[in-house]
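Here subunit A shows up in two complexes: once beside subunit B, once beside subunit C.
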Partner chain A sequence: MSRVLSWDRSVFVLLVVTVAVGAVIDPDFAGGSNLGFVLQDIGEIMLIALPMTFLIMTGEIDLSVASTAALAGCVLGWAWQASGSMAVAVLAAVGTGVVCGAVNGFLVTRLGLGSLAVTIGTLGLYRGLCYALLGDTTVADFPAGWTNLGFSSIPGTPLPYVTPLLVVLAVAFGVVLHLTRTGRWVFAVGQSVEAARFAGIPVARLKFRLFVVTGAVAGLAGIVYDLRFASARPDGALGFELAVIASVLFGGVSIFGGVGTMWGVVSAVLFLGSVRSLLQLQGVPGNALTIITGGLLLASVVIPVVAQRWSAFRERRSRVLAAATP
Partner chain B sequence: MNGGLRRVLAGREAPVAGALVVVLAVTTAVNPRFLSDQGRFDLLVAIAITGLMAVGQTFVLVMRHVDLSVGSVLGLSAFMAGSAVRGDTGGSLLVALLVGVVVGVVAGLVNGALVAFLRLPALVVTLGTLYVFQGVQALLTGGTRINADQLPASVVSFGVTGFLGVPWLMWVCLLAAAVGGVFLRTRRSGRDLYAVGSNPPAAELVGIPVARRTLLAYMVSGACAGGAGVLFLARFGGVDSNAGIGYELPVVAACVVGGVDIFGGSGTVLGALLGAMLLKTMGVSLSALSVPEFWQQAINGLLLLVAITADRIVLLRRERSARVEAARHRREHAGAVPDPPRDGADRAGHEGATTTEVVR
Partner chain C sequence: MRRDAAVLFGQLGVDLDPDRPARGLSIADQQIVEIAKALSTDARVIVMDEPTAALSASESERLLDVARRLRDGGAAVVFVSHRLDEVFALCDRLTVMRDGATVRTCPVAGTDAGEVVRWMVGRELTDLFPKTGTTPGDVVLRVRGLTTDGVFDDVSFDVRAGEIVAFAGLVGSGRSEVVRAVFGIDRYDSGSVEVLGSPLPPADPRAALARGVALVPEDRRQQGLFMPASVARNTAVVVLSRLARRGVVRERAERELAAHWAQRLQLRHGGLDQPVERLSGGNQQKVVLAKWLATDPRLLVVDEPTRGIDVGTKAEVHRLLSEQAGRGLAVLMVSSELPEVLGMADRVLVMREGRLMATLDRGEATQERVMLAATGQASVAGEGSAA
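On to the complex of A and B.
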């Protein structure tokens, strides 16, 4: 694939085209209330996708993020009931995320275990703790002032309250990845752990911190989820881990690490969200949306490979032709 | 010490089997009904589906790949097999099994072709097909479900009867495990899978047809997931659009607990089956011990972490003792002609490619 049309740029173009086509064929799609709905719908996925991009770029993965978010959400409900203070509850929830991330990071970086296996284990562990904490009950008596943050929009705009959080964090993660030393380290580690180690990059410390940040942001996503549905439930955010990873990979991040951009990932989350919304408005059933999500993910890996082989084939052929002509 | 015995004890199956025996013994001691005829039957039925999928997953994992689409394949195959024999009251169990396995093989072909010929990362491909197969299944079912009264009696009774006190479903699982285990252990193409998983570029260099073997592994995984779909149909006497959702990670967990290395190159079908047995038995025994059901997932997760941590510690200790051994060997030969090749071989021993050799 040519340099001009790299995958992350293609995703951005796809996003623009989808929004433009949507605005033309369906006036409801470009309406403010639908924009707000899309942003709310993708909120948690977008949040977790930001640190997940860093992790996948370094060649690691975290499958426990949805369970972490759910556990943080349950701790929010539990701590709110126990303390009666939302501020305490929020701190406890984010703290839970940090601890969950630190456990993953410890197992991966100190004990040298594979992150895929570790986080499949903690996926079950954290989800089990959700049930241990809340049982089959839900906490639904959050103060209205807080739950309004979850489903009403900022006065005078169609945007939900989660928007500034998304924008600030997306910009912050993008800046760190592309403009700071830490970001360069992430690329270096993803390209070659050995080389990075020889270059003096503290690989284990970097990865440990990335797991902690991922846990913290997943905890934040758990709070957003709770406020959006005005309840804390042990089965919250079920299955989000695969949706997050699908978005990150669709955004052009290589599963082998070392390749990717933050704006590719952000475009991918927005694109998948707007495609879903547009098709839903057209009355396409949810099952077809699942197929499209999977198909797009496959396309994101198949197309670059096929394009690369095609250009290699053309180059070979032109060389053969040049050799054949005297 | 007897070499064979030492190998059995050093292997990864013995500790898992030991843990399984302990769980069974403790639970039976507290609640004697746990291993009554009915209790044992129910336990084996519960193991059969995950066990069968774990057998197939082993083929893929030892090649350093993964198949996340198995849950969706199970759902798709259960529905297709159910539709094929719906309303038919004759002996259509074989038809159901055939349809289920064929659906699974086709799904495996899709995964395998993408991974083998386009050389795409397995995680991404099977995550994509997880969604695609799940969507296709949901689209086909369209919110309807197949109930037991629409299924032939042969299929329904297959799920609740057994032979020699072992449910038919478990016989299917055991048969698949036996065939798969013998194939991986003794057949040349089976050993190829380990070679590819230990060191893919080297496997290519020695002339192993990597793409064909990859295709084979995915077809086996698909066939097992497809067969598991029919077991699902028989066990629950029906299927709806939620069948199989979320099954993929527990299957991988069962394999990992049973000693299948997620980085490829080592692990056995027997181990994977024992892993599935241990996880399922833990779950059932917790409810037999009247521990609240919700602890089950937490304990399963913890068990997985304990298993991989233990593996890691054993590996590190063996590497250290191998180093000590090599150092002593060098000391004893000190003064002799310097021997650079052996030095190089020692260093290679610290690296990934040969660590599996140390374990074996």
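On to the complex of A and C.
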């Protein structure tokens, strides 16, 4: 526990090293326009990773986030066509996310089902609803004023419009997790659900709200995604849940709950984005980049176990050696 | 295989279908299957550890029959039980153990329940327990007819301000279950719980907390503490709202609170940031007590408050509880240690198999009377102040 190089610090160091190495081997990598590209590339992942951190900290998980984002994106397109008002469409999309999250939360906290099984189910269900809503078509006639938000930069900077949203939400989620009563409860529930109940923490209500917030933010990510590609498609955000969960775990959140930091997760998302961008600049095909996501995911669950066995082994060895020396 | 099973069941004098899955069987029948399993290996010595603990009277009787058949068939049976009536009904010889050592071995025919209880109790009461004389105040907790089917039945008692009431009885007699239901961890089927004259909603620990009820649970590692979290975080977790300003927990206030209680309880720790998993058992228990005393309760329920902690800390915990009671706190203590019960309590409630068997005032509570009531040898109706 008292190790100087904790997991989240290591990830941050890794991020800095990656950026430095990238800048040396490829001048384009450190350029401002590439920074903008990275932020845009990982925008939705970062957004969803924020509430996912809370969920995994409490020992739950939501695998349906990418489907939720896609469904919200489809509702955005459908509601835009139906109402002709983007404000209405945005509200409908976020509302869709809230409902999706509430369904997950209800099934997990009221019916007591496992979140892994429940959200695998809703992963399929919500994706199916996308096709039911839009069929094989796409909605691509969003007003230009809105889609410009998706792929142009804030004037005078290389940063995409999603940047302030990311910063504000990352800070807000970080503050709630590390400084407030709700955050303390999240840690407590992850460390021992039973002790949390004895301490009067409303475990079910807390988890339900976390599922709802996760759904809402996934809905927001669905909007960001639509604007970035200037279209609503039923196969949007496919596979994003993997990148989100990989980032959260690689950022130092324990899959068993109770351990983690928000800045570790943010560092991990940025690291993931940097590596992807670096490889793309080196000409690695985009489809192969899931290897990185999968690798990170595996590394995050394997390394702590190996490290623990290694330190247990060393302790045992030093004890044996101490006993052997007269 | 099926035929073998049927033969074994026949030997045991029971009528069970060998094809039934074990899952759906009653606990009694599962025990029988377990015994049949032991017989199938031609066991000559069979040890039964509290085989009737979960059984009803008639089921127990059947199991005793099985044990007799085994004996008559030439097997040696070791029967571990805290039900004295069964021991006397079944056994030929008995051995009394206490504190991990053998006290006495003798033929059952040559003794009686009273003598066995005296061997079980053994030691003299020490003056270890600081008991400050108190005048009980208003009724803080009033429990009437509390029942959860199959767990406890029609339990009624009062706890007054300034009073320490002990729940005595054997492990599994339903004491922990009663206090869990009172605090709202578990639901109950019927009955009522009142705190300071108004009813407490069931199954709502937050409501209990808000009304000044605190519960120091039985299992401090699982239920009492967040093991990887620091001393400060553990101490403050129940009172976070009080320490927060506009939702943000003031870390300074949190540490001050923890430091105050650490000093008050003479906690031996390596800093307030030390994870509680690195503290000794006794110091962990102090953190649990601090955490609940920090809520400034009117009623403190403690479940086995000194289990597994060293003698010195034990005495400190006892002094603390007496001192708190002296200041008007109502204390309800579940304890399996008779000297602790008799040394601390103003009143002793004795439970057996989910029922309140006796209520004894301090003057009339002796080790023998408590043990007799706890083991079902006699129902001693005390003239206690509870209804």
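Simple rule for what comes next: the second predicted complex is superposed on the first by the 317 of 326 C-alpha atoms of A that agree within 3 Å, B and C clash if a C-alpha of one lies under 4 Å from a C-alpha of the other, contacts with A are read in each partner's own complex, and residues count from 1 in each chain.
Basically, a residue touches a chain if its C-beta (ideal position, glycine included) is under 8 Å from a C-beta of that chain, and two chains touch if they have at least 3 such contacts.
This is a predicted model, so every value here is computed, not measured.
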First (subunit B), second (subunit C), both or neither touched by A:192: second
Subunit C versus subunit B, contacts on subunit A by residue: B
Partner chain(s) touched by A:122 [first = subunit B, second = subunit C, both, neither]: first
Partner chain(s) touched by A:181 [first = subunit B, second = subunit C, both, neither]: second
Which of subunit B and subunit C A:114 touches, first, second, both or neither: first
Touching partner for A:245 - first (subunit B), second (subunit C), both, neither: first
Complex interface listing, subunit B residues touching subunit A: 66, 68, 114, 118-121, 123-125, 127-136, 138-139, 142, 241, 245-246, 249-250, 252-253, 256, 262-263, 292, 294-305, 308-309, 312
Touching residues (chain side subunit A, partner subunit B) in the complex: 61, 63, 107, 111-114, 116-118, 120-129, 131-132, 135-136, 234, 238-239, 242, 245-246, 249, 255-256, 285-295, 297-298, 300-302, 305-306
Interface residues, subunit A side, partner subunit C - complex: 1, 175, 179-182, 184-185, 187-188, 191-192, 194-202, 258-259
Complex contacts: residues of subunit C adjacent to subunit A: 185, 205-206, 208-209, 215, 217, 222-229, 233, 237-238, 240-241, 244, 247-249, 275, 291
